[in-house]
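Pasting a structure here, questions to come.
To keep things simple, chains are lettered A, B, C, D and E as they appear, and every chain counts its residues starting from 1.
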Amino acid sequence: MTDEQKYAVSEIVKSALGGMVVSIDQPRPNRIYVLVDQKDFPAAAKVVYEQLGGRLATSTALEVRDAVELIYHFMLETEMVLCNLKTLVMKPELKVGSVGAFLPGADWIEREMAEMYGVTFEGHPDPRHLLLPDGWPEGNYPMRKDFPQQPGTESGETKPVVY
Amino acid sequence: MEQAQVKTEERRVIINLDRCIGCSSCRVACSRTHQTDMNLTQAFAEPVAAFPAHCRHCENPACAAACPKDAILKCEDGIVRRFAFRCIGCKSCSIACPFGAIQPEHMRNIIMKCDLCYKRLDEGQLPACVTTCVSGALSFEDPEKVIDGNLAGARIKAKPGMRRW
Amino acid sequence: MKKTILPIGPFHPLLEEPEFFTFHLDGETVIDVDVRIGYNHRGHEKLATGLTWDQVPFLVERICGICSTSHPYAYVLAVEDMLGIEPPPRGKYIRSLIGEMERIHSHLLWLGLAGHFIGYNTVWMWAWRYREEILDACELLSGNRNHYAMCRVGGARRDVSQKALDFTMKALDTNEKSTKMFLGAVADDPVIHKRLKGVGILTKEDAIAYCATGPTSRPSGVRWDIRETDPYDAYGESLEAGAWKVIVTENGDVFDKAVVRVLETLESIYLCRWLIENMPDGDFQVVPGEMHEGEGCGHHEAPRGEVFHYVRSDGSNKPIRHKVRAPTFSNLPTYKASCPGEQIADVALITAAIDPCYCCTERVGVIAGGKHSSLTQDDLVKLSVEKTMEIEKRMGVKSVLNKFK
Amino acid sequence: MQAFYYLIFPGFLFAAVVGLLTTWLDRKVTARVHYRVGPPWFQSFADVMKLMGKEVILPENARKTGFLLAPIIALAASTLVATMLGLANYLNQGFVGDIIVFWYFLAVPSIMIIIGSASAGTPLSAVGSSREMKLLLGYEVPFIIVLAMVIFRADSLSLGGIIEHQIESGPILYSLSGVIGFIVALLCVQAKLGLVPFDAPEAETELGGGAFYDYSGAALGGFKLSKAILFYSLPIFLITLFWGGVQIGGGLGILWALLKYILIVALITVIRNTNPRLRIDQAVKFFWGWMTILAVIAFILRVKGL
Amino acid sequence: MGLKTAALKKSIWVFHVACSPCNNCDIEILDLLTPRFDVERFGIVLVGSPRHADALLITGVANTHVTPRLIETYRATAKPCVCFLFGACASHGNFFRGSYNVPRRIDEIIREEDPNAIIVYIPGCPPKPEAMIAGVVKALSVL
């Protein structure tokens, strides 16, 4: 695959997704970032998975100001391009259709995002805790910014002066 | 001796290379004082001599800046110390130190580093290496007063011995 | 109904990482599987947001002790992707070399444990003996036996000496011999054939649906290897030079998974050799410039499959989001596809073939006809060993042990 | 004199020392098979000594008496076994009671393990206990048939009588029925000692010590010691039954006896190192099936005079 | 030095407690059994029950899941026993100190359970197998 061929992939993705694309960007030949709307999201993922033959590497959730951003990283193995499908899930409902419903590979990662960020995946086959203990308090999402405990706090052995 | 007047942080172990005979007694003394850690690194001026490469306890230590785990810190008394439990053996400090004064401890997979024998200083004793040096090459003084061209690095192109990778 | 739970473990010397399995059984046959993980959850992703960019490689290295270079590798690739940095060739080669050395030692480790699972402890002892040599070479190359700390944004963290490379070359030579011996022992042994063939088949469709990676998907005929499909560092050049090839087999059973791993070890040995022979001179790192806003993805083919990292920066000295996906995370759910319909005695083997990190706390609840009792991982291992013995007996073979003498 | 017999030679002290040395030999040989160096010679002594100095933890639900008395009785019974054997073999002294009593005392340590672990009141120990019980039931059947075979052959119920018979008409081992009986008895001994392949009751890897899971300190030490004494006495017992006993006659007699002893210990060690663990029901099936059939064959051969 | 201590020094039975480590420490502990290091030479044996153990080899950090298990195991161990905190994680918390799932350090947990516990720290990440042997030797010299 030459770089030109890789750059052409964004056109393929664009035509496959049709009207669902809000914006598409290809900063480097092997990375595509596609933004779709929240309500189109599972449908778009289905297209990438079934029509384009994407392998779901994983998905990332991250907190932006008034939404949780979801990024599903699909590896298009034949095109040798990583296609990142993004959407913004608006606070405070934080509800989005589940990809795990038709793609078993997304099952676990959606469970993880649900417990870490409090996103509800509608239609998820098995919405239980994955990593956190079962008795973890409700409404306490460790990866959110408002989670009380800050990482990296140390109580040192001696009081050091950091130059 | 005059340690009562001078604060710890102003004195360092100074090596006079004209006197050093490369006997390594200082390393043995350092190792004995610190149980198993051989805190003192050996430097080589090939093919002439091997001599101790003491930690300078820098003003702004490069080793501490490089440590990802804050395992090396400059403490209130001016001594740059390594905290064994925090060290993860990544040896970034060893790469960062411009004097090659840090050497990995091969057994425990952490690094070791001169701590200026701070326990002995608290008891009013000189550092172990200084007391042991047979030829009087080591002294424990305020570097400002003795800079006369004797310092390691000023005369010989030092080549740190332990950087094998 | 009486309920007996065997509190085996929770800590057991031979196994590593805790997971909790629930197997639904019909007689001896598995109908459904459920896995509960989280015993090892330490909150890496949150911790990463509290560390500076250069500290994170050390943190992610500690996700895992076996694929310990894969995570920093994927992370630096992600950051380099974000910043658009191109490391100098020597740095690239050093990183790839360490990555491949890790694959060799990890596969040998797996081979040993798999031998233990089917009841051949001699395989275990021998594989780990050969692994020591590789670890020695790693120690000479990087200064550490396990956590190598060789990856840095913009290249390798340190240079490697010619002496270390020569030693590695020698270690590779001896290792090639022993790996070939293992290959002979595995591929030709009738007992192992009987024991492993046709067990725990993961079909191509399932492998794709579960998005399995690495040596879990490749035996099923899915040619997914990040080193080939998204080449980075020295992998693209070496593949073009024909130094190694991607191993793909068709059957998807446990036997194929074992064979793929052994063959991959060999390929890694060839690749390491090529890397050492073609190691370019020059600088091994560049100083990364200013951090700016952006996002980047990096992935590396770890011994167990694809490691995926995603970073997002707001221009400060700390990442605002760092996502980590370890290979087992996507490989483990394939149980659901490969275990049902198998004998309970084979489950240990199937799980071992995926090569997750087992642990002591791991207990298997057997739900059969309303009666509830617990089987442990060890019971599974034992069942597995027994089945091997049975087959041996049926075939009138003495013991495979003699092979390794 | 009686006290000397029981406590020093050939009783407790002698048996314990030889038994512990035998245990060490076993471990050392195992290590060599694994390409390791293995423990130093005093290892077993250090182990027992250390256990004696450690705290005994009483599990919460344990029945104290049973739990604590079991190791003591086990130790006493195995000492008794060793003494009786020694008296009959080395000192040519008979004792009140015969081989049936002897057989009974041999079973006592196993029964004590069952009682002790059952009174610990924890699931792991309970599983270990039930496994030990099944194993005991398993191996006693062929064992007693073989014993009966020997008794018929020697026409005597006492150990001394059996030895005398063998001195007169050659060791029992040198006949077809003797060989078959010996094999069966050896495997039963293996099970009695709780060694692989019959170590299911105390499987380290599965049950974390199984029957002994809840024992600690001196109580565990008691069991270990009793096991060690059995490790010494059972091979001697086999020699007594099948191989003409141990006569401390001339210099060569001792050497020959030692050779026989080491041979049997080596056999046991080899069996233990070349076999995987059997599941408990397989072990019971093995004893009730093959072993019993073999024992019966030996008996029939004996009746036919072979 | 009594006979008891002498015997203890020659026969250390260890029990491996993996809290939530990164596997590396555990692999190194397994390495101890393999031919290169063979700790049985020194009478060190890995046992399957904490009640038989003289020493606990604790690796990793105690996250919320395993903390109760750790306490349970410590209670089940016959005293005197030595706790070896194997690795930077166990001795200090490594990077994971301050994580939301790692509430307390292991030595704090054990000290709370038994203020007189003998705790030996073996720093390093992972400590080499030699370090563990050396750690045992050092611990024995203070017994």
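What we mean here is this: a residue touches a chain if its C-beta (ideal position, glycine included) is under 8 Å from a C-beta of that chain, and two chains touch if they have at least 3 such contacts.
On a predicted model such as this, the values are computed, not experimentally measured, just so you know.
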{"item": "Both-way neighbours, i.e. chains that touch chain D and touch chain C", "value": "E"}
{"item": "Between C-E and B-C, the pair joined by more C-beta contacts", "value": "C-E"}
{"item": "Chain located farthest away, centre of chain A as origin (C-alpha)", "value": "D"}
{"item": "Inter-chain centre distance, chain B versus chain D - centres from mean C-alpha coordinates, in Å", "value": "63"}
{"item": "Length of the line joining the C-alpha centres of chain D and chain E, rounded to whole Å", "value": "35"}
{"item": "Centroid distance [mean C-alpha coordinates] between chain C and chain A, Å", "value": "24"}
{"item": "Where chain B and chain E are represented by their mean Cα positions, the distance between them in whole Å", "value": "32"}
{"item": "Junction residues of chain D - those touching two or more other chains", "value": "34-35, 124, 205, 207-208"}
{"item": "Chain E: positions in contact with at least two other chains", "value": "35, 48, 65, 94-95, 98-101, 125-126, 128"}
{"item": "Chain C: positions in contact with at least two other chains", "value": "12, 14, 38, 41, 43, 46-47, 50-51, 58-59, 62, 125, 129, 145, 147"}
{"item": "Of chain A, residues touching chain C in the complex", "value": "28, 30-31, 33, 55-58, 60, 62, 71, 73, 75, 77, 80, 82, 84, 103-109, 116, 129-133, 142-143, 147, 150-152"}
{"item": "Touching residues (chain side chain D, partner chain E) in the complex", "value": "27, 31, 34-40, 42-43, 45-47, 49-50, 52-57, 124, 204-205, 207-209, 212-217, 220"}
{"item": "Partner chain C, residues of chain B touching it in the complex", "value": "68-69, 88-92, 95, 104, 109, 164-165"}
{"item": "Of all residues in chain E, those that touch chain B in their complex", "value": "88, 91-92, 94-95, 121-128, 130-131, 134, 138"}
{"item": "For the chain B and chain E complex, residues of the former touching the latter", "value": "35-36, 69, 83-89, 106-110"}
